[in-house]
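First chain A sits with chain B, and in the next complex the same chain sits with chain C.
Moving on, here comes the complex of A and B:
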C-alpha cells in the first residue's frame, strides 16, 4: 500500500463529490433538512387531545366537571354533542379522539349512592394516543374524586386522617420533563447518518462500472485496499462533519440535554460511520447497477434504523425473536450509546457493551469490504 | 393511439420481466418489512423491567408489589437491598422502574397516616415512562382503596375511596388496544408509496440516462401516450403491492377488515395516481438515476415520517401540520385505517379522497406540461 496512491484516490473521489451538486446536496443539505423535519415532526407528545362532550344531564355539577376537562391543557373540547348518534358520527369522522358521556341522572346518582359513572369513548385506532389520553382523563377524574371524597368525609364525620393513604411520589430520571423530543432526537442523528452515509457510498463503485471508468481504474497500479480506503476517506470526513452538525443541532437548537463526554461521543460516532460507510461500499462493490445498489442500500439502512434500532419503538417491548434479531442491527448500539451519553451522562465504562458491539461490526465490515473489491473486469 | 400505447406498455412489461432481480427486489423487501413492522412496531407497555426495594418487608408492602406484578404491566427483575443498588440498576438499564417502599409503610397505613411510596421512572423513553406512570397511578389507587376499605370502621356502609366518579373507558374500533391494528394499515400505505414513487421516477430517468429517450422522441408516440405507458405498469404494480400486503395483514396479523372493499379500491387508486404523479414529477427534475434517487429520498422520507403513520399529526408544530396537507400518504392512511377498523364509507371519507384526487391531478398535470416542453425542445 502506498500512501501517495491512496491520497490520489481520495483526491479524485473528493473532486467527484465536489463537482456533483446532487452528491453535495445529499452530503450537506439533506442532513440539515432531515434534522429539521424529523426533529420537529417526530413527536409523541400529544397535548390538547381533541375531546367531544355529550352532557346528557347539563346540570351545574356536570358542567363543572366538563370545565375541568378543558382546564390544564391536556384536552381541547372540539365538539358538543347532543345524541348517541352524534358520538358515533364524531368518532367516524375523527373530529375527536375521545368523547365523554355524562348520563342524564349523574348528579342524582352521585348524591343518593355516592357513586356515579361517566363514560369515556375513545377512537382507539391510534392506540398510543388513546393510552396517553386515557391517562390524562384518569388524572382529571382522580382530582375530581379527591374533591368529592373530601366533601363526603366532611359530611359523614370521617376525618381524612383516619384513612391511611398511599402518598405516591414519582420521580423521573434522565428526562425529567418527559419530553419525547429528548428521547427521539439522539436516535434521529443515528438514522440520518445511516441513510446519508450508505446512500453516498453505495454508488461509488457502481458509478465507475456504469460510466465505464472501471477499466481505467483497473489499468492503474492502485491496489484493492487503496481503492477502498481512498474511496471511503472523503466520505468518512463528510460523515463526521454531518454528525457534528446534527449533534450540535440536537444540543443547541433542540435543547436536548447533553450530560456525557464529547470524546466518547466522537469515538462511537467514528465507529458507527465506519460501519455505515463499509456497508455502503460493500453494496457498491457487489451490485453493479446504480439503481439496484441504492435500493438495496435503502433497505439495508432504512428498515433497521427506523424500526429495529429502538429509536422510536422500544426493543424491550418486542417479541423475543425480534429482540434477538436486533442484536445484529448495528444502529441499535449507536442509538443506545447516544441516549446514554446525552441523557444519562454515561461514561466509556458504562457503555462498554454497545461500544464492543460497534467495534465488532466495524472490524467485520471493514474486513469484508477490503476483500470484496477485485481488479477484474468480469 | 391505442396501438401505440399497447406497444409502449408491452415494452415496459418486457423490461420489468427481463430484469431478473427486479421482481425479487420488489416483493422480498416488501414482505420482510411487513413482517418486521408487524412485530416490531409497538408502543404498548407490557412487562416493564422493575426493581423493588422493600425496606418494610410487611404484608402491606408485599401486597403492593404483587399488585404491580398482577397487572401484567411490570416484571420484577431485581430486588435491591439499598438505594445504591436501585441507582445502579436504573443506570445500567437493568430496570426502567424502581419501586421504593420505605420502612414503616404498613404502620403508617394502619395508623391513618399517609405512607410515602417512592417511584423512580427512567424517563429516557418518555412515551413508555408516561404510560407506565399512568398504570402506576391506577395500581396504587386500587391498592389504596383496598387498604382503606379494610381499615374503615365497620359501621360505615361505604368505603370513602369508592365514593366519587367512576370512569368507564370504552375503546372503540380497537377494543383490545392492539397496536398491530394501528400500524399494519399504516405500513401498507407507507411501503406502497416508497416503492411506487421510486420505481416510476427511475423508469423514466433510466431511459434518459441510457439514451433511449431520444429514440422514443423520434417515434410517433405523443407525450400523453408516453406518460400513460410509463405509469400504467407501476400503477398496477402498486395495486398488486397493496393487495399482497393487505392480505398479509389480514391473514397473518389478523387485522380486521370491516369496511367496504370498493372504498378501499377507490382510495388505493387515487393514492396510486398521486404516487405515480409524484414519481413522474421527480423524474422531470433529474438527469441521472443518482439524482432521481437523491430527490426521491429527499421527499419520500419526510412524506413517510410526516404522514401520521406512527407520530400523530396533531403533535407536530403548526408549520409541519400544513406541510402534511400536500402529502398523499396522510390522506391514504386516514382512508385505509377507516376502512380497515371503522368500516366507514364515502360519506365520511370523501374529503380525503378528494384531496388525493386533487394532488394526483396537480402532480400529473405539471409532469405532462414539463414533459411536453422537454420533448418538444
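Moving on, here comes the complex of A and C:
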C-alpha cells in the first residue's frame, strides 16, 4: 500500500463531495434536520390525554373525583357526556381516547360496602398511548383511594401507623425527570450516522461505474485497498464531525445530561462509523446502480437502527426471537453505549460487552469490504 | 511463457482468447507489436477490439492463451503491467466534476510521479492538450477534442512505454482528430508503443501497421501499403461497360475472378493473381454481348480491402 496513492484518492473524493450538492446536503444539512426533527418531534411522553367524563351520579364526591382527573396535566377533560351511547360517539368523533364512567349509585356503594367501582373505557387503537393512559388513571385512582382512606381514618381517629400501611416510594435513577427526550436523543446520533454514512458511501463506487471513470481508475496501479481507504477516509471525517456536532447539540441545546467520558464516546463512535462506512462501501461495490445502492443502504442501515436497536422500541419488550435477532443488529451496541455514557456515566469497563460487539462487527465488515472490490471488469 | 519477451517486442499475444459464456469475443488471437510501433486496430463493432485491449491492460483475465505487455504477463503480473501502461478507455473517463489541473494531479498521485518532476510533467501534459491557462476549468465543460487530449495527457503522466487507446477519436471533429494523431506520432517517435483502435479508415493510414480483426480473429495484418496490394487477393480492375447487370452476372461466375461488384457507374473486379488478363476479360464480356469501353488497374482503398476481407471471412465461416 502506498500512502501517496491513498491520499490522492482521498483528496479527489473530498473534492467530489464538496462539488456535489446532494452529497453536501446529506453531509451538512441532514444531521441538523434529523436532530431538530427527532429532538423536538419525537417524544414518548404522553401528556394531556383527552378524556371524557360520564358522571351518572353527579354528587359532591363524584365531582371531586372528576376534578382530580384534570389536575396534574396528565389528562385533559375534553367532554362531559350524558349517556352510554355518548361514550361511543365521543370516541368515534375523536373527542377523547378514554372515558370515565361514574355509576349512579357510586357514593351509596362506597358508603355501604366500603368499595365502589368506576368504569374506564379506552380507545385502544394506539396501544402504547392506551397503556400509558391506563397507568396514569391508576395513579389518579390510587390518590383518590388514599384520600378517602385518610378521611376515614381522620373520622375514626385512627392513624396510619396503626393500620400498618405499605407505602411505595419510587426513585428513578439516571433519567430522574423521566424525560423520554434524554432517552431518545443519544440514540438519534446513531440514526444520523447510519443515514449519512451509508447514504454517502453507498454511492462512491457505483458513481464511478456509472460515469465510466472506474475503468480508467482500475487500469492504474492503485490497489483495491488504497481505493477503499482513500474513498472512506473523507467520509469517516465527515461522519465524525457530524457526530460531534450532534452530540454537542444534544448536550448544549437539548440539555441531555452527559455523565461519561468523551474519549469512550469517541472510540465507540469511530467504531460505529467504521461499520456503517464498511457496509455502505460493500453495497456500493456490489450494486453498480447508484439508485439501487442508495435504496439498499437505507434498508440495511437506517431500518435496523430505528427499529431494532432499542432506540425507540425497548429490546426487552420484543418477542424472544426478535430479541435474539437484535444481537446481530450492530446499532444496538452503539445505542446501548451512547445511553450508558450519556445517562449513566458508564466507563469503558462497564461497556465492554457492547464495545466488543462493535469491534467484532467493525473487523468483520472492514475485512469483507477490503476483499469485495476487484480491479477487474468481469 | 518460458522466457520474457525480447525487448524489441512490447506487446505480444499468443492464442489469446476470451469467452463470455457461449460467446467467443476473442478467438485465439496472435499478435505482436514492436517497440515504438503504432499499431492500428481495425474491425467492425463487436469484433473484439475492446475486449483484447482490456485483456492487455489486465482488466479482463484471458480465458485461454497468454499476453505479455512490456515484458509482464497480463494474467499473473497485472500490477506490473499497470505500472507500465497508459490506457484510454472507449468511454471518456476523466472526472467531469474536477478541474483540468485536479484531474492531472490526481493521476499524477495515483501513478506516483516523483514530486520534483510533477510540475514539469503537468506543464507538458497541459501543453500537449492545448489547455495552458485553463487549469481551473471543470473538465465537464471542455469540448470533445480537449477532453480526449487531456485524457491522453493523464494516461502518459508516468511515461509508460506502452499505450492502449480504445477509439480515442470517436465523436471528435476532424481537426481535433488530426491533432490527436500528431500527438500519437510524437509519442511513438519517443519510443512509446501504441495500440490504437479506430473505425475511421483515414486514421488507419496513419499507423505503421494495421491489424484487422473480425469476430475475435485476426483477419489480416501488415502495413497499409501491404494490405492494399495483397489484401484483396488480386489486382483491382475498374471496368466501364454496358449493360452493367449482365457484366456483373458473367464476371461473378467467371474463372479467375475473386470478386466483382458494381461501383457507381463502373464495375470493380478483383482478378486473382495469374488469373484473368485484361484481354481475356474483354473477350469474355464480348462473348456475352457486353460493350467494354475501358479497363484500368486501380489502387484499392483500405476500405475496399477491409470490406472485402470481412465479407470473405463471413462467407467462409459458418455462422456461430
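The working rule: the second predicted complex is superposed on the first by the 371 of 378 C-alpha atoms of A that agree within 3 Å, B and C clash if a C-alpha of one lies under 4 Å from a C-alpha of the other, contacts with A are read in each partner's own complex, and residues count from 1 in each chain.
One rule holds in what follows: contacts are C-beta pairs under 8 Å (C-beta built on N, C-alpha and C of every residue); 3 or more make two chains touch, one makes a residue touch a chain.
Bear in mind that the values here come from a model prediction, so they are computed numbers and not experimental data.
Engineer: Could you tell me whether chain B and chain C fit or clash when both sit on chain A in the superposition?
Structural biologist: Chain B/chain C on chain A - fit side by side.
Engineer: A:144 contacts which: chain B (first), chain C (second), both, neither?
Structural biologist: first
Engineer: On the A-aligned overlay, A:30 touches which partner chain: chain B = first, chain C = second, or both, or neither?
Structural biologist: It touches chain B, and chain C stays clear.
Engineer: Taking the superposition on A as described, I'd like to know which of chain B and chain C A:213 touches: first, second, both or neither.
Structural biologist: Once the two structures are laid over each other on A, A:213 reaches chain C alone.
Engineer: Angle at chain A between chain B and chain C: what is it in degrees to the nearest 10, using CA centres?
Structural biologist: 90
Engineer: For A:339, using the defined touch cut-off, is the partner it touches chain B, chain C, both, or neither? Pick first, second, both or neither.
Structural biologist: The answer is first: A:339 touches chain B but not chain C.
Engineer: Looking at A:155, would you say it contacts chain B, chain C, both, or neither? Reply first, second, both or neither.
Structural biologist: Neither partner.
Engineer: Who contacts more of chain A, chain B or chain C?
Structural biologist: Comparing touch counts on chain A for chain B and chain C gives B.
Engineer: For A:8, using the defined touch cut-off, is the partner it touches chain B, chain C, both, or neither? Pick first, second, both or neither.
Structural biologist: The answer is second: A:8 touches chain C but not chain B.
Engineer: Once you lay one complex on the other using chain A, what is the shortest C-alpha distance from chain B to chain C, in Å?
Structural biologist: 14
Engineer: Residue by residue on chain A, keep only those touching chain B in one complex and chain C in the other, then list them.
Structural biologist: 20
Engineer: Can you list the chain C residues touching chain A in their complex?
Structural biologist: Of all residues in chain C, those touching chain A are 20, 54, 57-61, 78-79, 82-83, 85, 87-89, 91-98, 102, 105-112, 151, 154.
Engineer: Would you mind writing out the residues of chain A in touch with chain C in their complex?
Structural biologist: 2, 4-5, 7-9, 11-12, 15-16, 19-20, 211-223, 375-378
Engineer: Which residues, counting only chain A, touch chain B once they are in their complex?
Structural biologist: Per the stated touch rule, the residues are 20, 22-23, 25-26, 30, 33-34, 37-38, 40-50, 65, 91-94, 110, 114-132, 134-135, 137-139, 141-142, 144-145, 148-149, 152-153, 156, 158, 161-180, 182-183, 195, 199, 203, 207, 290-292, 294-296, 298-299, 302-303, 307-308, 312-314, 316-319, 321-322, 325, 339, 343-344, 346, 350.
Engineer: Where on chain B does chain A make contact in their complex?
Structural biologist: Touch list, chain B to chain A: 21, 25, 29, 32-33, 36-37, 39-49, 64, 90-92, 96, 108-131, 133-134, 136-138, 140-141, 143-144, 147-148, 151-153, 156, 158, 160-175, 177-179, 181-182, 198, 202, 206, 288-291, 293-294, 297-298, 301-302, 305-306, 310-312, 314-317, 319-320, 334, 337-338, 341-342, 344, 348.
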